[in-house]
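Chain lettering (A, B, C and D) follows the sequence in which the chains are written, and residue indices restart at 1 in each chain.
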Amino acid sequence: MSLNSFGHLFRVTTWGESHGPALGATVDGCPPGVPIEAEALQHWLDRRKPGQNKYTTQRREPDAVEILSGVFEGQSTGTPIQLMIRNTDQRSKDYGDIAQTFRPGHADITYWQKYGIRDYRGGGRSSARETAARVAAGGVARAALDAMVPGLKITGYMVQMGPYGVDRTQLEMAEIERNPFWTPDAGAAAQWAEYLDELRKSGESVGAVIEVTASGLPAGLGAPVYGKLDTDLAAAMMSINAVKGVEIGDGMASAALTGSANADEITMGPNGPDYSSNHAGGILGGISTGQDVVVRFAVKPTSSILTPRASITKSGAPIEVVTKGRHDPCVGIRAVPVGEAMMACVLLDHLLLHRGQVGEGLRGKIG
Amino acid sequence: MSLNSFGHLFRVTTWGESHGPALGATVDGCPPGVPIEAEALQHWLDRRKPGQNKYTTQRREPDAVEILSGVFEGQSTGTPIQLMIRNTDQRSKDYGDIAQTFRPGHADITYWQKYGIRDYRGGGRSSARETAARVAAGGVARAALDAMVPGLKITGYMVQMGPYGVDRTQLEMAEIERNPFWTPDAGAAAQWAEYLDELRKSGESVGAVIEVTASGLPAGLGAPVYGKLDTDLAAAMMSINAVKGVEIGDGMASAALTGSANADEITMGPNGPDYSSNHAGGILGGISTGQDVVVRFAVKPTSSILTPRASITKSGAPIEVVTKGRHDPCVGIRAVPVGEAMMACVLLDHLLLHRGQVGEGLRGKIG
Amino acid sequence: MSLNSFGHLFRVTTWGESHGPALGATVDGCPPGVPIEAEALQHWLDRRKPGQNKYTTQRREPDAVEILSGVFEGQSTGTPIQLMIRNTDQRSKDYGDIAQTFRPGHADITYWQKYGIRDYRGGGRSSARETAARVAAGGVARAALDAMVPGLKITGYMVQMGPYGVDRTQLEMAEIERNPFWTPDAGAAAQWAEYLDELRKSGESVGAVIEVTASGLPAGLGAPVYGKLDTDLAAAMMSINAVKGVEIGDGMASAALTGSANADEITMGPNGPDYSSNHAGGILGGISTGQDVVVRFAVKPTSSILTPRASITKSGAPIEVVTKGRHDPCVGIRAVPVGEAMMACVLLDHLLLHRGQVGEGLRGKIG
Amino acid sequence: MSLNSFGHLFRVTTWGESHGPALGATVDGCPPGVPIEAEALQHWLDRRKPGQNKYTTQRREPDAVEILSGVFEGQSTGTPIQLMIRNTDQRSKDYGDIAQTFRPGHADITYWQKYGIRDYRGGGRSSARETAARVAAGGVARAALDAMVPGLKITGYMVQMGPYGVDRTQLEMAEIERNPFWTPDAGAAAQWAEYLDELRKSGESVGAVIEVTASGLPAGLGAPVYGKLDTDLAAAMMSINAVKGVEIGDGMASAALTGSANADEITMGPNGPDYSSNHAGGILGGISTGQDVVVRFAVKPTSSILTPRASITKSGAPIEVVTKGRHDPCVGIRAVPVGEAMMACVLLDHLLLHRGQVGEGLRGKIG
């Protein structure tokens, strides 16, 4: 019951602080025989890497992942896979102020209150840098999923930045790779670029909503009550830094629907049941239907901003806090590959759980 | 790693089907010496009980809880507490149709596909009746919390029904106990009564949003990354039947905020840090701040409605489904005590976890 | 992480006290579609039932098991199976002495010290009655194993009582069902009968060694380090009341062997590898070889005896303790079906774990 | 539910193979504020290090531990502590034979059968080298125990080598540090030196029995049924490579005792209950009594020996196996610090568990 772990059979424990020697993920339960190369994992890490454009922090970290165990001659052995990322950009600088002060909206104060000690350098364990380890672990999960469920596709993208949402009639998935915001709405990308430029210059930050979908997933993943697929997805996404809300399918908007509007009608298709709509986000009773699994989460704005905010010091004295330095005006951007990684980890875990309890494939036939 | 369990140190496993002999909760990890009486647990169950007014299902179940173990002479012994609720309203009726048909928007089809067998009577394991066991377990958690954190108060209430939200300027907490919707907005209650009457008559249903707050909680509960208080709250709420979205503090609306608007400013109060606002919902970096913990979740409308919906049978033939019988037009109403119960379970669990790793109280002093 | 649970995917939580209303087992993770009838479970419980002959306690409990959930139309549904056994022999008697006194060698004192409260009636949670719940859960595991591994056979028997061991050259498995000690050595059975008669008359008790074997188990079950098959077997057996030692294969005697004597030689048989001997007890590196799995455990003598022993009361005053009433002179006898049940639970759990991570069957072929 | 993890609140996951780039332990749940230095951990690792005398393998590994996370300015922060040990002695040699052959008594064959892939270099994950990671984690546990339970002392030592046991009347604890076998019996040390010399020269190996005691432990650690202190100790010791038997207190010999001989009598001492003897090994009903906790485990002889043994290759062909190279004639020697480390991990875990559920100290007073 490690508090820094997630997953049941495919179990990931992340470790490390932002400015310590290294951080990483201990990945246990990967099926044997999965092709795993550091280069393939690096591909995913590079998508999350800071400093790639003017909209993300200028901190430069190669985020190079090393595989220390569990892989032999390019394949997983079934034993724990240790993924390590060295922290290279550890400038020796004066952290005096940060050490004695609590930034409003930041975990500084709660870590201090709880533990009585914290690695204040760069946020320590509460830094968004922790998510690099998740992305590396997600790369392992993706490799296993590729082997087990050919055709499964996980796609993350931004659907809202600050007050500006995408136009759902204008989404083109190929667009995602063409703009710095990973959004399928080219119009929104243009609008956000302008908006974010201004925010960045004024030292402000802003929130965002990310959507992650999985298509090609078989029906039958998940289990009742606390092994629900949506329970685990909710936990996975909410555990990402700065996330404050999670939705499955229609999410919070479900509240406004009537029963007849909400119930996705079923027909018999050539390959099994077909659905007229997907309000449920691909999950009924906690178990996947075979439709696209759709998850959304809201990322709050970075609390590290240039605008002065009132706070206190460790001794309780009032102070005005201004956070200088290299920070993301919209951390939500870099949360896109993180959300994808968490989706991959949860899906693989549930595939293994299903296979463990029920066996390969589905037990109940239709038609 | 039971898929029907939740919690780490305070661990609840629910069991049972809607129309089997009984259902209940196995509660492990309760501290010893907590006063626990069946009557006190019954108090919470009665709030969730169906048939109390015209807005909830007319199924009549006394939902009487029996304590089978773990309590001796009115106190918890520290060993597992078994809470059992007999199912009394098991009419012998013809379930033939339900057994062969999948209701749109219901777990019928996924349970069948996954397991190849399901107790179709009343929804079996996927029935909202399962939440009675959670409410009973939540009663145990409340008793332990009362002993450990005097002054802690958990309050659940409805803030939206269908398209109609409460007026946040008009909330009066005493109002919650005065209307059948557990809402603190008397005006909304009147509006919803009319709205729901019409829906009920037309055989329709509708969704809702529930908010649950905890005041008087100490700072320091929660832990990094996957032991985050908000991670566990998100999982707890998402595991409730029909829930499709979970929010902490400002939730999805955080996306629209700027960093300066979002960062709750800190001052030094007489009893420790004070905050100018609570966008964070009482949780920073996964750890409680001492402010009110604020969680919201959306409940989708019941899929059991009179409006005919297209579906298929087990043999894949098309069929129109109409669900007659006694159903809640707005299941969200009865989700209020369930949300409170889950909050109680999660908070007690994190109190025990904190005490286990860190000891009594906070380690970091301020001022 | 319930402290009253065991197993990973097939997870059993036992609950209940000796003289409370009931006790039982919450069994989660059973594969769906397994034929389960109360009568079949009762078969195993009856083997453990007290009062069957003069060598076991004369307490008369029918130990009738009720299935409250998770089974529908005679088959497991994949959801939690609740097994309940009512306590019927709850004589209202004066427990005054026991409540204030600690029996030497008994858990009275540690439960009191830890929790500050204990259900002293009949030993409460520490009573050997708890093992009835394990036997019921083991019946579920056996049913699942029967379906998954035809030909698997689990056999428990006594190999030592007090100072008298069996003659390994004289074992005949059919003999096990013919004597009250479940021993395959008819000569030992005769000797023990005489020995135990005398002990019983003098109000004494004695320890025993039980061996449990599983034949027909496939190779490949278990996993490195802490998922070792022998790790879980050791924990399972040591968790049984009064057990003080556990051995796999040659066990403690391995210490006296040389490497050449200990290494079971391998040849190629018609159905895969064959072994010249089985010092390893069917497990290498924590993973099953396909040979018989062999586990032994020692059960200490009951501390409830007529011989007076020095002890103290709750107030710290010296007292002489004599435990009258109905007690087993050799609790080891009734531990035989319990050991079998634990073996069944562990093996099923590891079958599911293997299938979850690796898939059906073995991945590495030989020959 | 990582299969390479142990512990509940203090949770250790080991990772790494014998000849991969590194191995280590991810340690989660350590209380904050514990003084931890790499030098202190190194002290324990050095005791287990090979090549220190002629009785252990001549493989030379510095086994230098690096702390990668979770420690800040010399103190634990409460977040995961990553301990890494680089493998430096990775000679590039021809492993061709080992890759295709299964050593009798070794995990080669089961790893292959299960996973279809194995890192055969030096035994890969099944190598005793894995225990270095446990010793490092045990060092963290010791540091936390020192802070929480001053006066607690954990002592491991050898009590049997091959057929030769210690003379219990001749034990002197100071002797442990004076001989290469960590035994408190100087006479036995002399006898074993001669015996092992001969075995080593003939390319043979032999088993051993290790005893580990903990004195100064408070009463009240442990919990019923599957959270028993002895259950976790049994699992911890059995999970060590080559261990085949575990005993608590009198262990297997309990079987030969009568109830009156076995029941440790209780008197009232100046600091609480006193016991006339310790057959129970300091644990009653799974909960510590405050007496010395006494655990023993048997280590089988290394299967890597010069004596030829019959085996098969991957293709099923017969082959004679002789294992040349640097191997321990008695691996039991180096299991002493490993057993101590496991004891430390289990005790700390149970201290935290007790504090979590019950609070600081004992709830039930005596006298």
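Operating definition for what follows: a residue touches a chain if its C-beta (ideal position, glycine included) is under 8 Å from a C-beta of that chain, and two chains touch if they have at least 3 such contacts.
All of these numbers come straight from a predicted model, not from anything done at the bench.
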| item | value |
| --- | --- |
| Furthest chain, CA centroid comparison against subunit B | D |
| Selected pair, greater C-beta contact count between A-B and B-C | A-B |
| Centre-of-Cα separation between subunit B and subunit A, whole angstrom | 26 |
| CA centroid of subunit B to CA centroid of subunit D, Å | 45 |
| Centroid spacing, where centroids are CA-atom means, of subunit B and subunit C in whole angstrom | 38 |
| Residues of subunit D touching at least two other chains | 1-5, 8-9, 14, 29, 32-33, 78-79, 114-118, 125, 223-224, 353, 358, 363 |
| Interface residues, subunit B side, partner subunit C - complex | 1-5, 8-9, 11, 13-17, 20-24, 26, 28-29, 32-33, 66, 68-70, 72-73, 75-82, 84, 114-119, 124-125 |
| Complex contacts: residues of subunit B adjacent to subunit D | 1, 9, 29-33, 78-79, 223-224, 352-353, 355-360, 363 |
| Complex interface listing, subunit A residues touching subunit B | 1-6, 8, 14, 102-107, 109-118, 125-126, 130, 160-163, 199, 204-209, 219-220, 222-228, 230-235, 237-239, 241, 244-268, 273, 276, 279-281, 283-289, 296, 298-305, 307, 309-312, 314-318, 332, 353-354, 358, 362-367 |
